[in-house]
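Both of the next two complexes hold chain A, though its partner changes from chain B to chain C.
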Partner chain A sequence: MALTNQRVDVPVIVDESKCLEKCHACIEVCPLDVLVKNPETGKAYMKYDECWFCLPCEKECPTNAITVQIPFLLR
Partner chain B sequence: MYDDISDELKPWVEMLQSSVLEDRLVAVKTLQHMGDEEAIAPLIQALEDEDTNIQKIAITAIWELTNPIAVKPLMACLRAPDGEVREEALSALKELIAPADLLMLLDAIQEDNFYMQLNVLILLRKIHDAQALPYVLPFFESEKEELREAAITTLRYLNQVETCPPALNLMDDPEVTVRRSTTLTLGYLRDEETVELLCEALTDDPDWQVRRNAAQSLVLHQDDSSIPWLGKALSDEHWQVRKFTARTLQEIADDSVIPALIKCLTDEYSDIRRDAAIALGNIGNPTVLNALQQTLDDPDADVRIFSQKASDKIREQQGVAS
Partner chain C sequence: MTNTQHLKTDVLVVGGGTAGTMAAIKAKQANPEAEVLILEKANIRRSGAIAMGMDGVNTAVIPGNSTPEQYVREITIANDGILNQKAVYQTGKLGYEVIQELDSWGVKFQKDTYGNYDLKQVHRVGKYVLPMPEGKDLKKILTRQVKRHKAKVTNRVMATRVMVKDGRARGAVGFDVRNGDFVVIQAKAVVLCTGACGRLGLPDSGYLYGTYENPTNAGDGYSMAYHAGAELTNIECFQINPLIKDYNGPACAYVASPFGAYTANAEGHRFVSCDYWSGQMMLEIWKELNSGKGPIQLKMTHLDEDTISEIESILWANERPSRERFHQSRGENYRTHGVEMHISEIGLCSGHSASGVWVNEKAETTIPGLYAAGDMASVPHNYMIGAFVFGRLAGVAAMEYVRDVAHLEPDADWLAAEKERIYKPLQNPDGIPHTQVEYKLRRIVNDYLQPPKNTHKMDIALNKFVNYHDTLDLMGARDPHELMRCMEVHFIRDCAEMAARASLYRKESRWGLYHYRIDYPEKNNEEWFCHVNLKQENGNMTLFKRPVEPYIVDVNLEEEVYDVKVTSK
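Then we have the complex of A and B:
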């Protein structure tokens, strides 16, 4: 899978101000394992630019920190 | 506090007692994902957390465990000030509630709390027990329209209730939502005045949904005295009323409504043209064959198909008769 270079262009956007360092809910539910924790900040981010737009990460986040930007043609 | 809990769960259960909100959020979410039955007691305790997000996640986690011991603590959430917590608890209880919980529900409905009363009225629909009737009846006179509507809807779900005179008074309720629900409930009641009230609602009520629901309920009664009213309702200004009336006339109809049904064969809505053709076929009067013949080139395929079937049915009956 392709690594992400520009974190603002990926479909899964994590609001770092809301993301909890000890929480791994989104990472556990992602079927593609594309979300990881940034070891420096402890916040989740999308490491690999692959997404099924299945949305459990967004739904399971206890602080609503995740937004999945669904492509127009899939809406 | 929870000594008998496995080592795997222990750190999360301890974190759930933390004074830091973020830690408690992480703990409750993790316990939800683990889905371990052993965590039910700490999750039940989390229902009393001061944070509504934690309460909501705890409710979802308990719901997923589907353990009946959680029913009572979840019932307490039905009176929560937060709307989302109440809604989540209600959804969970809809799946967890069992007939054995009836007495607990009947106790709870007597509590002087609007949300509790409303939610218990909804939950009683899952149990269908006529024992609940004396507890539902007082809500017909409630000042709050939501409670009146919930009570009359619940009545529809109670088994073995065939007559209920106080329910008939709600046909004159000033709130349309109550009247809409009452007309549907009256379909299941067998009081003497029921059909007459439904017929009046079908033609006179200012709300089209009440009139449509009345047509729907009249099909359950199958009472010939409603046929003239149904004939009149075929020229209602709202297409849904005309459609459901035509559907009812597929079950009960006589020759007196044939002119009104023929007029419906040229209605602007294809559903009505189709339902009218079916109703005419069911009446079986050969005088309508010409009118049905003219709908065989209808722009809507459904109308053409059902019109042909209706014509065939009438011809078949004629053949058998002669």
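Then we have the complex of A and C:
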């Protein structure tokens, strides 16, 4: 089957300059398990656009690196 | 090659949310020597409906404010008489102890200047709503207690089936959603606490995960109990909520109405006399929206500045804290704008309506050794306190049960077949993505199952759901995370079929909008004053009537009809 990679606006934005390489706090608490580390940079990012905009990731981040937006379709 | 992990425990709790954490704690309190394991798809620290806490207890029966008998009466009327009163009574009776225990663990409930719980009236009769303006860390507090009681936790493992042998539950299987390991857990008793089926209907926004319920709860427990052979009930009594238009949280009258806010039509007039969520209320909302007097709103503009900022401070810190940024991005303000409300997608959830796995007043399902609690167990209008109460009952009953039973070896053939079923999408990484397969399924749910219900449309729906097995076979997954979503789509399909069959079976209307049938618009107590139950029999979904258990609290349903309509406008 043919697959395509389409661009989507994802709700979670990580400020890479503030994200700590050794930290996994947001990744551990996300109920949907949609955040991961980029193995090359050690920074967190939203890998899957499956967000409940519930905010644990943002609340548990020690450096305020995360901003959760309301997903574009609802905004 | 997939790695297999074998685990063994006395009591297995599947789903470490509201009910599940309490079940584990209470099982451990009942017998600290026995082993209790929580299997959780997410991480119990922030999982489920109360991931960000709650802004209030909806069903608190506190001495001096109400009695368990009054509570049972109110729920009996709100649920049009179809309930097991003995089970509802438990929530009324044990809720107070649960609140006191949570309080002793550091959960904050609103108190008046004398230190008494400060209850508010939202229901038609009686005060049951206890605000929790500082409720956001509920889940962290529960997690601490789980650890303190030495219950074990395995996070990020999703259960897919309960193992049943000789007619009793003896464990569960699932897989690790990060490394993909196959996980087999032998247990002497299983407590299912996996929450609602929140991803049944598709929200108007079209965003798959923009649901009222936490989208991790995809009906997993409904489906697992069904495949284990347990009875389910009231599935046709859908969950439908009045929410902020486009946003998946309540507006929220429970918080704001004690301060003087109310639900109004576009002209600013009241059309419901009571803001407590019920099918009858939802029917009035549906009618108002279709009458030309919509859109409807939660009206707060008449309140003073201090009151509005207090409401904001509660609504923007707990439960659905992203409300604030939703309003801000649209330039809306409670001082100048009513909060536009609309009807949510449909779901299955006893916490709000009544559908679930059949349980009695001890949280026992119809399968020995299998217990259920919370939004997936059939105790109507049970909400958060009901989830805690039934979690507690299930934990205690399961621990009692395991005293006299031994572990049973899993059946190797059954395990191999289940393993093959689970991992199939991974063999087909270029198969159709779960997002598209799920979107189409849930669009069919919206098009054909959303009330008002129509026989012809539901026949089409049923046919499509039955045939959807073939579509599920086309799904592909590229990693264990996508595999989790694929397996959830299987659960959603099962729930959709149950919803269609149960809705077709009950040939009357009941519970306001929840089961409003165009071709049978009236309530018919002669034929349908009963539960509609279903279960798997020889591979088929079988439906049947189950009589309502004798009442323990007298209610005259002829005289006491739940009516919240306001006519003078």
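Criterion: the second predicted complex is superposed on the first by the 62 of 75 C-alpha atoms of A that agree within 3 Å, B and C clash if a C-alpha of one lies under 4 Å from a C-alpha of the other, contacts with A are read in each partner's own complex, and residues count from 1 in each chain.
Heads up, the rule we're going with is that contacts are C-beta pairs under 8 Å (C-beta built on N, C-alpha and C of every residue); 3 or more make two chains touch, one makes a residue touch a chain.
Given the structure is predicted, the values throughout are model-derived calculations rather than measurements.
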item: Touched partner set for A:28, first chain B, second chain C, both or neither; value: both
item: Contacts of A:54 with chain B and chain C, given as first, second, both or neither; value: second
item: When both partners are placed on the shared chain, which of chain B and chain C touches more of chain A; value: C
item: Partner chain in contact with A:73 - chain B first, chain C second, else both or neither; value: second
item: Partner chain(s) touched by A:3 [first = chain B, second = chain C, both, neither]; value: second
item: Contacts of A:62 with chain B and chain C, given as first, second, both or neither; value: first
item: Doubly contacted residues of chain A, that is, touched by chain B and again by chain C; value: 28-29, 60
item: Chain A residues touching chain B - in the complex, by the definition given at the top; value: 20, 22-25, 28-29, 60, 62-63
item: Contact set on chain C toward chain A in their complex; value: 42-43, 45-48, 51-52, 136, 156, 177-178, 205-211, 214-216, 246-248, 320-322, 325-326, 329-330, 430-433, 476, 481, 484-485
item: Residues of chain A defined as touching chain C within the complex; value: 1, 3, 28-33, 47-48, 50-56, 59-60, 68-71, 73-75
item: Residues of chain B touching chain A in the complex; value: 22-23, 25-26, 28-30, 33, 53, 57
